[in-house]
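You will see chain A twice below: alongside chain B first, and alongside chain C after that.
This part shows the complex of A and B:
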């Protein structure tokens, strides 16, 4: 799987000749065209990754940032992390959050896509504009606004609840309880992620030939059966890619958690892996340790995505 | 997901395979760019030439927050550009939020500012790691020498050398409006607690305003009850003292106020305090003295980025007193404030020093004193207007101010928001002794780590 990473970043190594019957000569032009982006990826992605790997084996603190020579500590950083219960707690929390967020995003996004297929032109345009607006909102702005909505003293939610129930909701903190914090975080993340899933699913679903669905209907397939047995298989690759991407995005989520922790809540009980790495590195200046955590994290993510992608390919090639 | 075993054979197979392959690349690239985002913590630090820059140039001064008044900013820029013909001075305002994180990278990069303000408790994270340019003994004498606030000079020293000098000290006072609190200022800390609890009306009126993340206001209660944050033993290890007898007594008193005198959000921050105060919801507000300018401000801000106050209602007759101590007099309060330093990577150290000289000049410091900040020079303390109760309270409190433990690791305790997190638990009604034990364990692990 590490070969996948190098495949993306390595300089124009011998091109992988496709094991297809059709013979082709060395594709000079494509590689030439690719060289620009490979160079940029190498500088912007490749170098930092290598640097991070190197740092994860060093004792790298603030003084080293200012030019002090770094000391090699071998696997010490990794040992320290993997034996720290705090790390596993944060990782477990991130994974549970990711599973919930991805499931919700996929289900709701698909429902919106199905809805869009049935809407008339005008309503569909309206829904698309709404989705685009949600999608184009920078995460920091949306988190701040969600924070206002759930504000303890002046929030919309507390105000509405007070009016509806007649009880006093002012002063009720939604973020204080970690479960409440993650519920609101899930709102923010899922709300922001649905548009991408909905658009992509809509694009995929609308490519399914109408006659196939009609035939299925004539054969007596109900709406749910048509969705499960006809539509889903058509868009399975799209679903896989969406799931993998969502998993990666929701695992590494940073600005929303960071900003929300600023608004309220108990940091210790709401840290996710992205924020944890930031705190370790930028906050406390333990860059070596932070790099090591980041690397462990990358390995876990690659494993997750490789598993999914490989399974799909296998199914395709049966 | 998508584990459908039913396969239809309608779309072109090769096309789908290509799709998968492309997206495998997308997934891997996405994973890799994520790594980049997380790993791009530090960019390589190249050695910059510390001295011998050109005679003229642009000096960038980083001030934090809005504490420095516009009058002082204008004075600094004008004076500097008069004295150093051909050079310019730019002030760039930074935010207190995440300052240590920002300086860690910004001061190490090739585009570092020249003069930087830093919180006094944060200074040691940088002085101990070579981020600031050393202030020589001659320069130190020229800038004020022994006239500079001793506690703040100490906060900016590292291994016997000066790196960051005092900029100003803040002071905390307890504000109230006589329209809302019809009582003489309490004489002792216990009386303060009792009065505040008496003023409290659940959900409507707060005796004191205590957002859960506010730890600055908590320290006096620890100190006055005989507790301490952390003390260094003879062997150099730090021992935290929240679980000490005095610490527990202080925390108990704090929790009493949080639960029985305050309607503030249990996980809130100590920001925009003028808003609830102006609503008439607060009896006693313990805050830095500059908060008076936010409260006693017109309802319609005069400037574009101004904040609305309530000069015509509760702000108009604002009064203040110094937080009383356990046995009367002023309590030991947290000495907030700022230090100022020249960045190690400043391209024009000579010019930066000139700017520093202006900022520590009597004229500049008098402007700061004029708005109620405690100036960096002891001899200028008289410049703080004391004709109001607020000015007097500020000076009285500053005389008895204390600092956080003197170790570079303390900045990590702050960056990790250990105190904010634990005090939030306290506000939430959790067991005092448990919170104290957790506080001590976390602080010790950072300070001794």
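This part shows the complex of A and C:
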């Protein structure tokens, strides 16, 4: 039919026109190149998310793992966790820990960055080497190291405290007390997280033109005023991104908590949200409830990351 | 997993700043005293960060009677220096066996790395060298997926991998790792590929190369450092992982190294800290070495001047 139409239109031979805009073909090549990624992400990320959502609306216990059909229970799992004081305790604990850890990381990381600005090249290299070493440690290795430093029987801290105070500290367990547990956890996390913040802040701060800082100094701004009024506005977006990312990382902390509990913490009183999901599901076999918690957790994380994602999109000019 | 941490690391890397001291200008004594003061602070900061690592190494080379003694041994002097802790960690019959754990870790990380690099590389080409509808959406999706915490996914991943009868298998664990690391790989490689200007390829095409040939002969070699760096980050992520291995590898013989390290501190018996520290060193060595290699490489800018010439 279309060929007829063209024939009919053909006779009055058209003058040479500029080439017609070619019809856009389906972009086969790029989608073919993306197909592997789409397959993997669909099967191993998309499907698990859907599966999690489905399980969170089902009664899914050990029996269902064995092959019993899973019954739909509507919002029962969500009601169960949201009315359970245990869940709120874990969530509250995770958030308090996150706030403390992020605050410490940001403040100390910034101070280290400012220190690096002050130093000459050799000393800066020295500090960088220290930071890189701490940064590169696998989380599980660093947890065992700190566990050893605070060990009940032979740990360095108890040994030093015994020497300094004269009291006998040997046998004092730091991990059994939840407050002590979280203090050590904070040490582990903050020690490992400062390097990233310090390097990023340093990179940001050293972009500030020297004349601006000099001018501020000539105008009589002290070091603190210079930092607050001149430096901070320059690096505001970096700070915000760092805070957001740190919040996300510290909220989902898992191996450090889990391994510290192995070394000698009270699991019930020290669970953070990630470990709680693991114990609810893998430990006690409440897969449905664990999925409901996990879904709440994912929602919190995605909400937290909205700013970061939007900013990255803008910055990358997507 | 900590993919994003590494992304930012790549972005933040090149802070080289020439020293603020101007040569030739004699500095006042006050100024010099101040510099010395800051130098002292620097040394303290350095010590604080290095101390745990140093303490781990120190303990790992000390004999048990020194580790448990009331006297603190700050250095494994030649008369007490021992490799017994390493021997015990690796070969003791009472412990989870070391060699299979190494093999499991190496095979999963290697498999993860290869799959991620190949799949991620072709994806990054699609995202940088072609313009098509849906490209932007795909990139944003990758960014959002990175924000989903793996810790929340363990339950459904466990059920799915179990359903495929892949629990306790290298393939099962690697599949989960690939899903976790791939978004980061695509994201980073996309940056590297975009960093090689198209003009270089076009110049090669003017000189008679086919588009594919131009890409292969000109762009690909320039991307090698980027591929190495991205691959190493994939390696570190998989190597350091604990959570997913804990869920997927449940039999002692399928343990990865992080699970193996964990068995050392389980409170079943008095902890042999010398062996624990030796084990921690063994787990950390590859991660630290590779990390130190890439942290400089990620700075990019390798081809920044290529067009000007």
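Keep in mind that, in the parts below, the second predicted complex is superposed on the first by the 247 of 318 C-alpha atoms of A that agree within 3 Å, B and C clash if a C-alpha of one lies under 4 Å from a C-alpha of the other, contacts with A are read in each partner's own complex, and residues count from 1 in each chain.
Quick note on the criterion: a residue touches a chain if its C-beta (ideal position, glycine included) is under 8 Å from a C-beta of that chain, and two chains touch if they have at least 3 such contacts.
Treat the numbers as computed from the prediction; the structure is a model and nothing was measured.
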item: Which of chain B and chain C A:195 touches, first, second, both or neither; value: second
item: First, second, both or neither for A:298, with chain B first and chain C second; value: both
item: Contacts of A:112 with chain B and chain C, given as first, second, both or neither; value: second
item: Touched partner set for A:148, first chain B, second chain C, both or neither; value: second
item: Partner chain in contact with A:52 - chain B first, chain C second, else both or neither; value: both
item: Which superposed partner A:282 touches (first chain B, second chain C, both, neither); value: both
item: A:70 touches, of chain B and chain C: first, second, both or neither?; value: neither
item: Touched partner set for A:101, first chain B, second chain C, both or neither; value: neither
item: Touching partner for A:252 - first (chain B), second (chain C), both, neither; value: both
item: Set of chain A residues, in rising order, touched by both chain B and chain C; value: 41, 44-45, 48-49, 51-52, 55, 65, 153, 241, 245, 248-249, 252, 254, 262, 264, 274, 277-278, 281-282, 287, 290-291, 294, 297-298, 301-302, 305, 309, 312-313, 316, 318
item: Complex interface listing, chain C residues touching chain A; value: 2, 4-5, 8-9, 12-15, 17, 19-21, 35, 38-39, 41-43, 45-50, 52-53, 55-56, 59, 67-68, 70, 72, 115, 118-120, 122-123, 125-127, 130, 132-133, 135-136, 138-140, 143-145, 147-149, 151-160, 162, 175-176, 178-179, 182-183, 186, 239-240, 242-243, 246-247, 258, 261-262, 264-267, 270-271, 273, 276-277, 279-281, 283-284, 287-288, 291-292, 295
item: Touching residues (chain side chain B, partner chain A) in the complex; value: 1-2, 4, 6-8, 10-11, 13, 16-17, 19-20, 23-42, 44-45, 47, 97, 100-101, 104-105, 107-108, 125-126, 128-131, 203, 212, 263, 265-269, 276, 344, 412, 415-417, 420-421, 424-425, 428, 446
item: Parts of chain A lying in touch with chain B, wherever the complex brings them together; value: 4-5, 7-9, 41, 44-45, 48-49, 51-52, 55, 60-63, 65-68, 106, 152-153, 168, 170-171, 173, 175-176, 209, 212, 228-230, 232-234, 236-237, 239-241, 243-245, 248-249, 252, 254, 262, 264-268, 274, 277-279, 281-285, 287, 290-291, 294, 297-298, 301-302, 305, 309, 312-313, 315-318
item: Touching residues (chain side chain A, partner chain C) in the complex; value: 27, 29-31, 33-34, 36-37, 40-41, 44-45, 47-49, 51-52, 55, 65, 112, 115, 118-121, 123-124, 126-127, 129-142, 144-149, 151, 153-154, 156, 159-160, 191, 194-196, 199-200, 202-204, 206, 210, 241, 245, 248-249, 252, 254-255, 258-259, 262-264, 273-274, 277-278, 281-282, 287, 290-291, 294-295, 297-298, 301-302, 305, 308-309, 312-313, 316, 318
